[in-house]
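Two complexes, one shared chain (chain A), two partners (chain B, chain C).
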Partner chain A sequence: MPTIGIETHVQLKTKSKLFSGAGNDARGAEPNTLINHVDFGLPGALPVLNQEAIKLACKVAMALKTKPRLFSTFDRKHYFYPDLPMGYQITQYDQPIIIGGQVEFELDSKPKRVGITRAHLEADAGKSTHPAGKDYSLVDLNRAGTPLIEIVSEPDMHSSAEAKAYAYELYLLMCYASVTDGDLYHGNMRFDVNVSVSNNDILGVRSETKNLNSFRAVEKAVDYEIKRQIELIKRGQPIIQETRGWNEAKQITTSLRFKENADDYRYMPDPDLPPIVIDENYVNKVAETLPKLPDFWRSKLFKLGLSKMQIAVLLDANIDFSDCGYLDLIADFANSNLDVKSLTNWLINVDIPLNRESKTQPNIIRFSLYESVIRLIESGKLNSTSAKELVARLLSSEKLPSNIERFAKTSGLLQTNDTDEIETLVDQVIKANPKAVKDVLGGEDKAVGYLIGQVMASSHGQANPEVARTLIMHKLEP
Partner chain B sequence: MAKLSKKDVLKLARLARIELEPDEINVYIDEINRILTYVEQLKLVDSKDVIPTNQITGLTNIMRSDVIIDYGYNPRSLFKNVPKVRQHQIQVKRMVEL
Partner chain C sequence: MIRHSWQALDKIAASVRRGSVRAIDLTTEALSLIEASSEYNTVILTLKDRALELAEEVDRKVRRGQDPGPLAGVPYIAKDNFLVYGGEARAGSKILNGFVPPYQATAINRLEAAGAICVAKANMDAFAHGASTENSDFGVVKNPYDKTRVPGGSSGGSAAAVALGLVPFALGTDTGGSIRQPSSFCGVFGLKPTYGLISRSGVIAMGSSLDCIGPIANSVADAALVVEVLAGKDPLDATTVDRSKERYVTKPLSLSGLKIGVVKEYVSDGVAADIKQAFDQTVADLEKAGADVCEVSLPSTKLALACYYIICPAEVSSNLSRYDGIRYGYHDASSKNLDDSYLKTRGRGFGKEAKRRIMIGTFVLSSGYYDAYYKKAMTVRTMLIKEFESAFKKIDFLIGPVAPTVAFKIGEKTKNPLDMYLADVLTVPANLAGIPAASVPIGFNEQGLPIGLQLMSAMHSDRNLLGLAMSIEGLS
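Showing the complex of A and B:
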């Protein structure tokens, strides 16, 4: 049976770095512009802790269903690598800010719980690139000193599907707790997976595959490692405890440098950084600012009658399009006793897909939009085809029109319930389609739909299809 | 008396990313052993009731607000001591295989 534990590095969304006042958002910044003497590791530079990082770490603890520890300290972890200017990483070794906790999620409708061993604050290293065909590497220190929280799971997972689901749930938790931007493409969350296989109760030798930056890569790397290790055992070869990297192009893991043992890191208390002592009062104050977590929304939306699938889509989209506030919108709709299920269908089938194609404007007030559109549909003034067109137009406009019904009317999207007008069209259609008429008279229901379609077309989509149906049936009564 | 083996010295050299010539190894075995022996004198002190000292200042919670600080110099002026700069990045020996 395979056994999997995951270490996750989460970049915290502070404005400045963990130990210096350099800017922390390296996305799109020119190389080596967000650096200073502290992050550059110049002798004598004094690191001073960013208090926001402690606050965010407390929120991480709460998202992991535990409490931050009231006493924690910083240590130096020594190793030499070009992206680590100080020659050591500032991290938390024996007194981390979080010990314990758990992540719970559902997989194939079954509840799964993964324990958290610990989580600690540390400074990120710089970023190195290796230009193709050159004999050198380049180092950009913009990322050096970015606050990270490293979350270490218990080895509680036993399949690639569980590993992927854990990584995704952790992503949801960190995003909803609002501690990270959660931009995986830019490395805001990076996963190291520890995999071992064994056919008895004793854990096998594990490999660690580092720096996976997508849920799919987590799944694929775990699959690959399980297969590779089983192969080795079958061939009677030893599994080496080592660090491996993921080759996305080839979809394989490859051996990296030999992993140094913990005692090789020569951990020592960082004399520049006094201990952090917080109290219950502080923790309670932070708890008051903790946003609603995924489980709150799951249970709320489930009570409103949404399916698990719909809830999953909405939870995901709410992160990608945080400006739209989809979940708050649904809650507001429910508070106003409006039709939440219709709204959900609009969001999932129209709004979110349009958003994914960047066909929406950010400042549209969706509450008024959907309130009006759903009311127009319910009152029979708008049919579903025109409604879709109307919603698409409204979402892409700079500003909502003051009167949506009037806008729909002048755009020719409202349907007509005028029986005389529709009757004229029905008569024309019956005259022009003798074959379909014959089919209807012969009892073929499908042909009715065809005739309604013709009426809709000649009315440019504005006829009320129900009125058209009634008239056609009436006229073709045997 | 501390006894450092050739293996220990080679391991230290590897961790420190220092290349040693064969004739340097014995020199370092001897030198580091003498340093260790000197430090070993500390073992003579009775520290049974002494709490380990991690910090000597007695301070706690030295923190700053989360604001970007203008340090009054161009960040790239830090490159003055960097041996090789290319495309505003620090050029180093290739870290991964070609």
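Showing the complex of A and C:
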């Protein structure tokens, strides 16, 4: 049976770095522009802890269903590398801010619980690049000192699907707790998966595949490792405890540089940083600012009659398109006794796909938009084809028109309920489609739909299909 | 010894503020005194251009009727491990050759804001590793009282410069006695304040849990005025404490009824006869003045030196990791790859003593040895802190010699690093405990070499310690 544990680095969304006043959001910044004397490791530079990071760490603890520890400390982890300016990384080795906790999720309709061993604050290193064919390397220190929280899971997972589901649930938790931007593409969350296989109760030798930045990569890397290790055992070869990397192009893991000696980081308490000391009062105050977590929304939306699949789509989209505030919108709809199910269908079938297509998230007052659109449909003034068109136009408008019905009308999107007008069209269609008429008279219901379609087409989508149906049935009554 | 004599700091500043003396003249005077005394090698470089600019600025303020501050126009020298605009900061080590700081130490900023002018960088043992200033990459400093002797260390340049009267005061750093011991060797007053009282930001670190910044001056009152300017919370140093309400400029304490403890372990057989004699004389004087002097035992002080030479090198090995020649300082251009670059730059840039301490520190922090050395040393440190705490519940001050001997001969201890380490034996306990400690001159031996008395008091009682130092200053 395979056993999997995952270490996750989550980049905290503080304004400034963990120990310096330099800016923290390095996305799109020119190399080495977000640094100051601390990040650059100048002589005499001292780290000073960003208080916001403590607050976010407390929220992480709450998202992991535990409490932050009231006393924690920082240590120095030493190694030499050009992207580590001080020659040591500041981390919490001996006394982390979080011990314990859990992540719970559903997989194939079964509940799954993964324990959390610990989580600690640490400063990220810079970024090294080694241009191919050149005799130099480049170092960008923009990321140096970025606050991370490293969440270490218990080895509680036993399949790639569980590993992927855990990683995804952790992503939801961190995003909903509002501790990270959750931008996986920019490495805001990075997963290290530890995999071992064994056919008895004794754990096998594990490999660690580092720096996976997508849920799919987590799944594939675990699959690959399980397969690789089982094959090694079958061939009677030993599994080496080692660090591996993920080759996205080839979809395989590869051994990273083999080290003869075990790493000795010479950990020591960091004398520049006093311990983090917080009290219950502080923790309670932070708890008051904790946003609603995924489980709250799951149970709320479920009670409103949404399916698990719909809930999952909405929870995900709510992160990608945070400006749209989908979940709050649904809650507001429910509070106003409006049709939540219709709204959900609109969001999932139209609104979200439009955003994904345009890669934008128009910040339109969706409440009024959907309230009007759904009312127009209910009152028979708008058919579904035109409604789609109307929603798309409204979403891409600069500002919502003050009267949506009038806007729909002037845009020629309202359907006509004028029986005389439709009757003329029906007569034309009956005349032009003798075969279909014959089929209807012969009892073939499908042909009715065809005739309605013809009426709709000649009305440019504006005829009320129900009116058309009634008229057709009436005229073709035997 | 040609010795220039400066007025008290408050008097100098008063004259400048009044406009009767110009800051530019004081700066020029200090710079020419430094030049004239180059044989003592107290200074690594002068900051002439910037100093003159700052002096002009002070004079301009006076002319405009603005207040340039309580240290208006006072020239001073900073130890080379302070980052000061206008010149390289190398901490006495060539591995920092070419490093001109892009930011300035908080201490220097505060002094500048008070009107003081940093005219030069004092010579020192490289990275403050040493007790004689012989371990400088810029040559040994000579003792103003005997040029064949050391000035003490590692703030030897600062102490010698003040003793020579080149400037009215200097800044030093004290990690295991580096302010007190050279002050004692050079016959000046030196204070190591409570740990965290003065910001370490912009001061090249040695042992971060031990490093203290302090003044070296001709009088206790001068030092107190400097502390008043420097003390207080700094947002750039998380270990600083907020003592903004405390005043350090104080009056001599009345000795009558003061409870003063002589640390038994400090006056053992290891202390030279001339030191012992001067010390006993001071004890007699204190008693005559009404002080209640008793003997106090602090058993853990015997372990302090061993403990210090584990904790300090551990922190040194960590703090010196950043000197890799990649971003600043000396870089060996002949290196072929990354590993080679680390080996050559650090191998050639660091001196023997730095390498020795890096190796000791690396060893004691290594997995498998951490518990036996570093952790045990930290346990002893806690014991020592508790012993000091309980002693200060019963008595007001502790006293003892600063060093076991007077200034020793140049070259006398360079062969054996252990001998050099032993020079710190009486000063390291105060650093391990974080308590304030000072060296006050109490006289000379038969050869005319100065002797200092060490005073120690409870955490954050710096003001009282200065008060006692003033009283002792007035005894002779």
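The rule is simple: the second predicted complex is superposed on the first by the 468 of 478 C-alpha atoms of A that agree within 3 Å, B and C clash if a C-alpha of one lies under 4 Å from a C-alpha of the other, contacts with A are read in each partner's own complex, and residues count from 1 in each chain.
Keep in mind that, in the parts below, a contact is a pair of C-beta atoms (placed from the backbone, for glycine too) under 8 Å apart; a residue touches a chain by one contact, two chains touch by 3 or more.
Just so it is clear, the structure is predicted and the values come from calculations on it, not from any experiment.
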First (chain B), second (chain C), both or neither touched by A:43: second
First, second, both or neither for A:240, with chain B first and chain C second: neither
Which superposed partner A:432 touches (first chain B, second chain C, both, neither): neither
Partner chain in contact with A:274 - chain B first, chain C second, else both or neither: both
Broader residue contact with chain A after superposition on the shared chain, chain B or chain C: B
Touched partner set for A:264, first chain B, second chain C, both or neither: both
Touched partner set for A:80, first chain B, second chain C, both or neither: both
Partner chain in contact with A:457 - chain B first, chain C second, else both or neither: neither
Touched partner set for A:287, first chain B, second chain C, both or neither: neither
Where chain A meets both chain C and chain B, residue numbers: 37, 40, 42, 48-49, 80, 82, 137, 139, 264, 271, 273-274
Chain C-touching residues of chain A, taken from the complex the two chains share: 37, 40-49, 76, 78, 80, 82, 85-88, 137, 139, 262, 264, 266-268, 271-274
Chain A-facing residues of chain C, complex: 81-83, 89, 91, 96, 99, 101-103, 105, 200-205, 207-209, 235-239, 314-315, 317-318, 320-324, 326-328, 338, 342, 362, 365-367, 370, 374
Footprint of chain B on chain A - complex, ascending: 14-16, 20-23, 30-37, 40, 42, 48-54, 73, 79-82, 128-130, 133-141, 260, 264, 269, 271, 273-278
Touching residues (chain side chain B, partner chain A) in the complex: 15-17, 54-57, 59-71, 75-76, 78-79, 84, 86-96, 98
